[in-house]
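Below, subunit A partners subunit B and then partners subunit C, in two separate complexes.
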Partner chain A sequence: MDIEDTKASPLHWIVYIGVIVSVLGPLIPQFIWPFAKSWFFPDLLPSVWSVRAWEYIANPNSQVLEAVWNSLVIAVLVTCISVLLGVPAGKALGMYRFRGKGLVELFILAPSIIPGLAVTMGIHVVFIRLGLSDTLLGVVLVHLIPTIPYMTISMSGIFANYDPDFEEQARSLGASTFKTFFIITLPAIFPGIVTGAMFAFLISWGQYLLTVLIGGGRVITLPLLLFSFAASRDNAFMSALSIIFLLPAIIILFFTSKFLSGKSSSMGGFGTI
Partner chain B sequence: MTSITLRKLCKTYEGSKHPAVENFDLEIEPGELVAFLGPSGCGKTTTLKMIAGLHSVTRGDVLFNGVRVNDIKPERREVVMVYQNYLLFPYMNVAENVGFGLRMRKTPKDETDRRVAEILKLVQLEGYGHRSSAQLSGGQKQRVALARALVIRPKILLLDEPLANLDAHLRDEMRDLILDIHKKFEVTTVFVTHDQEEAVLLADRIALIFDGKLVQYSHSKDFYEKPASERISRFFGNGNIIEGTKAGTTVTTGSGAFQVRPGLPAADGPVQLVIRPESIRLSREESNSFKALILKKIYMGTYTRYCFEADGHIWDTTTESNEIPGYEAGDSAWFTLPQDKIWLIER
Partner chain C sequence: MTKRTTIVLLLFPTISVLVLLFLGGLAMGLMQSFGYMPLIGMNDFNIDAYGSLFGDQEFLLSLALTLWISISSTLLTMVLAIITALAFRKTFSGKRIANFLYQFPITIPHIVIAVGTLLVFSQSGMAARFAHQAGLIADQNQFPVVVSDKLGLGIIYVYLWKQIPFVGVIVLSILQAMGNNYEELARSLGASKWQAFRHVLLPTIIPGILPASIICFSFTFGSYEVPFLLGRPYPTVISVLAMRLYQDVDLNARPQAMATAVFMAAFISIMVVLYKRLLGKMSGRR
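So, the complex of A and B:
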């Protein structure tokens, strides 16, 4: 599909700039606050600058670095497990017909429809019994509830478009099963994996409720700190933490944006070729 | 050159009660061009994929030059399959697609480049190497797919519905190209089609497959002139099939008695008389003729088709348009069944 290249008219530019200003504009004070000691109305910039917020963050007593590390470990584990489970599940849903498929789809979708709070109470009781509550592993497991549906749905879309004949074609041209996977299968499903993994990571990274309930306040993650600082009303800390919180989303978006554009996701599964 | 032998070949898919392919016995000579012909779902593609090694064999054997290859992996068989929808790898350009098989064989780069350029020239796509597959027309994609298969000099070339996706004028071009290639590379070629015309246009011999069973394997002419059953006759576009009784060289039917040539294999007794529409002549009263009412006249350009009724049967005949004596629907006319064109199917 060709998208016609048209020159942006002045009206387009106004809209573009309007969108950029309204999205990024509110973030500007966010990036100034962490360096401010006193900043009062009607000053445009803080009257006294300071890096105390960053000093505090670097201080082990503040638990910020520990929380970042925990969040990172949990999100990476959750993403990996989601990929490992979501890819085969998505393949089954996207490519095969089997009895009870509708029911399986419903069950996989359910966690994204039913509020997490409703089921987490029950899970908590079970986890206490299994010794999983208040542990990192427990938090990882409970984060999988909302992430696996995203991963599976993302992959089932890819596999629904995927033509397994490409693999046969490669085999008959002399590619081993190993090479076929890396040269043919993986590139075809990669956009789906990236999209799904990104969602999984960000859902886990931003998860508050499930972490509090299962982690019991023992497993400290970034959203937990963010919430407690939000209550303390210290704008400098709050803003500094927010920047850290925002960072992975920006980095991920930067590296994966090409997989999210219409052009490449249509390549997913070789569907339209 | 490689011969292919299928011996009692069977395939039953997992979870299916009925075999997709049942007791195939088939011998394909080295360098032969054979069509697997049959309606969709008859098991012809399954058989092709078993030859390629892409589908496992449930029972029976596949032999190349008399050597059993059942357990040889597809990538080691030197058999290449070209799919109906071409399956060009989308993120590779034309040259990379064509060179795929050579790269898998770790051919040195300069040799790969040379052979890719050579084969692209052969399929009339010289200078297309840097195009992406999305920029090609259907016919061009087909030729890239063929080039990609041929560049590795396969022992056996398998084509899945090679002409099905092409426009009428491209079909002729592609047919000539396939015939040229087959001659030049002397590669044993098997192709699958549901279109009897396509099979006749290309193949030395046709294996006709119904419901997973091989029903007739012979030269294409035989399917027209000597069909083994009523269904085969109808599949090849011939509905002139009339019940009768054979005694010596005479067949008695509801439309009269007809003389047939001696030496037809059908035994005396109940038979079906078969005659192709183009063999029936509009004529005067003579031997082997009968009078019938013309129901329909369909002008088709070069040919004109008449449908006429005699004794409850609707007969079909096609005549060259410039030879017709000007009959219209509603007229009665004499129709002659030439003695040497009548075929009998034993019942």
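So, the complex of A and C:
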């Protein structure tokens, strides 16, 4: 094949433009609506502009700030616990061969594949009994069901590509297990941990169903508010909230796009199903 | 420390949390689906809820709609992910930005795109406005109903938006790992472009994206927010139906809600087991 074949043809350009239009299409109006007061069919731009949606958000009575705070606290706690549990488990799955490993992998993967409705409804009764329903702690606990499998499987992908010889060498030179971990293992797997942690954060940040079931409408998070505005089709408010909801995802994408492109091993672990 | 102890210690925290929350929750859900709820004084053990499930027309309609949406969006995702990934393999000016946009949807929450789909594709949305400006329609009611429609087109659009990049990135990495050599070899032996794709690229790509497709299918099968916002109230998808039954003030609807949710979990579990069997047979191991 000559070099021509690696260049884009007009047909390819149709694909590129199609991708750009369909990716950005649903996002652009969301950035205009929060500034619109009246914007009727068939106008392409609002006839009256306003910032009332933002004033509403900044108003302490509107619950938006409380919801953002709750979402952040829950997602940070969930991420930290997932990292603490997922890194060791990922190491076991990524670096060791043992009997029943396939079964263990399937069990850890199952909560991220099997629809969580039955599990969460089942837990709800127990949580009511334990006083965990309608509490932040209860919401954190159920968010762990999808994030721990994600973190573990990502880390097992990272550890599968990690060379344990360095650990052996450090230990043979007299380093303790802890010292070896902090000086040798941690720096090697750190980029993988960061990527996995950011996605665990996003999984918790975007969670609606689990929060509404266990939080019982008492623990207000951002997706809950956004969902109720979207259900009532209030375009200005739902778009403003949607932008705030979107921000962490965009920030995280800037950090991770280089990890995702091509040779990412953090996605590789999912090949096990 | 022996190797065995190390492995057990490393896995113990994760396994025990998942046993408590996941298996525990599943077991409780199962018990309630059999009508066993001692907390509210229901001590029977029966399969009435499952019986009424399959006799209920709304459940069957919901199941059909859910399957239609999941199967069509998963298949379309695979096809479009392969097409777009093949296009993004080429070099072109502005590739970095286009690449960024291609991966962009992976991190965006589903609700954001459901909101965007409402703003673009509802009858007073941006698409209808552009159609009016272009003189294609005179009135907004003439714009085709693609949100809250019978076929769930708006819902499928959101799933495609989210999933094509997820699968596409995997296809890109498969293409990168395989390089151009096999394709070039096939071409130099006289294969047409299509033949090289059909017999060289496709057999490599398909097994690589099957796990991701299973993830897509099970996600769309159980998803709640998107069909709630972009679907019709009747018939709705199975997860929305289960939630509605669960939130019913009549506690007698509880076992049926649980049975619906347990059915969903069982259906996906059986799918995954069948898939693993098939995979085992195809590759001749396990």
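Following the convention adopted for this analysis, the second predicted complex is superposed on the first by the 225 of 273 C-alpha atoms of A that agree within 3 Å, B and C clash if a C-alpha of one lies under 4 Å from a C-alpha of the other, contacts with A are read in each partner's own complex, and residues count from 1 in each chain.
Following the convention adopted for this analysis, contacts are C-beta pairs under 8 Å (C-beta built on N, C-alpha and C of every residue); 3 or more make two chains touch, one makes a residue touch a chain.
All of these numbers come straight from a predicted model, not from anything done at the bench.
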item	value
First (subunit B), second (subunit C), both or neither touched by A:187	first
First, second, both or neither for A:148, with subunit B first and subunit C second	second
Subunit B versus subunit C as contact partner of A:120, first or second or both or neither	second
Superposed model, subunit A: greater residue contact from subunit B or subunit C	C
Touching partner for A:217 - first (subunit B), second (subunit C), both, neither	neither
Which of subunit B and subunit C A:22 touches, first, second, both or neither	second
First, second, both or neither for A:33, with subunit B first and subunit C second	second
Partner chain in contact with A:164 - subunit B first, subunit C second, else both or neither	neither
Those residues of subunit A which subunit B touches in one complex and subunit C touches in the other	267, 270, 273
Complex contacts: residues of subunit A adjacent to subunit C	1, 6-9, 11-13, 15-16, 19-20, 22-30, 33, 40-44, 84-86, 88-89, 91-93, 96, 98, 102, 104, 107-108, 110-123, 125-126, 128-129, 141-142, 144-145, 148-149, 152, 199, 202, 205-206, 208-209, 213, 223, 226-227, 230-231, 233, 235, 238-239, 242, 245-246, 249-250, 252-253, 256-257, 260-264, 267, 270-273
Contacting residues of subunit B [partner subunit A, same complex]	49, 52-54, 73-75, 77, 79-81, 83, 85, 87-91, 100-101, 104-105, 133-134, 148-149, 152, 158
Footprint of subunit A on subunit C - complex, ascending	3-4, 6-7, 9-11, 13-15, 17-18, 21-22, 24-33, 37, 39, 83-84, 87-92, 98-120, 124-126, 128-130, 132-133, 140, 161, 169-170, 172-173, 176, 180, 183-184, 187, 208, 211-212, 214-215, 218, 221-222, 224-225, 228-229, 239, 242-243, 246, 257-258, 261-262, 264-265, 268-269, 272, 275-276, 286
Subunit A to subunit B touching residues, read off their complex	163, 165-166, 168-176, 179, 184, 187, 267, 270, 273
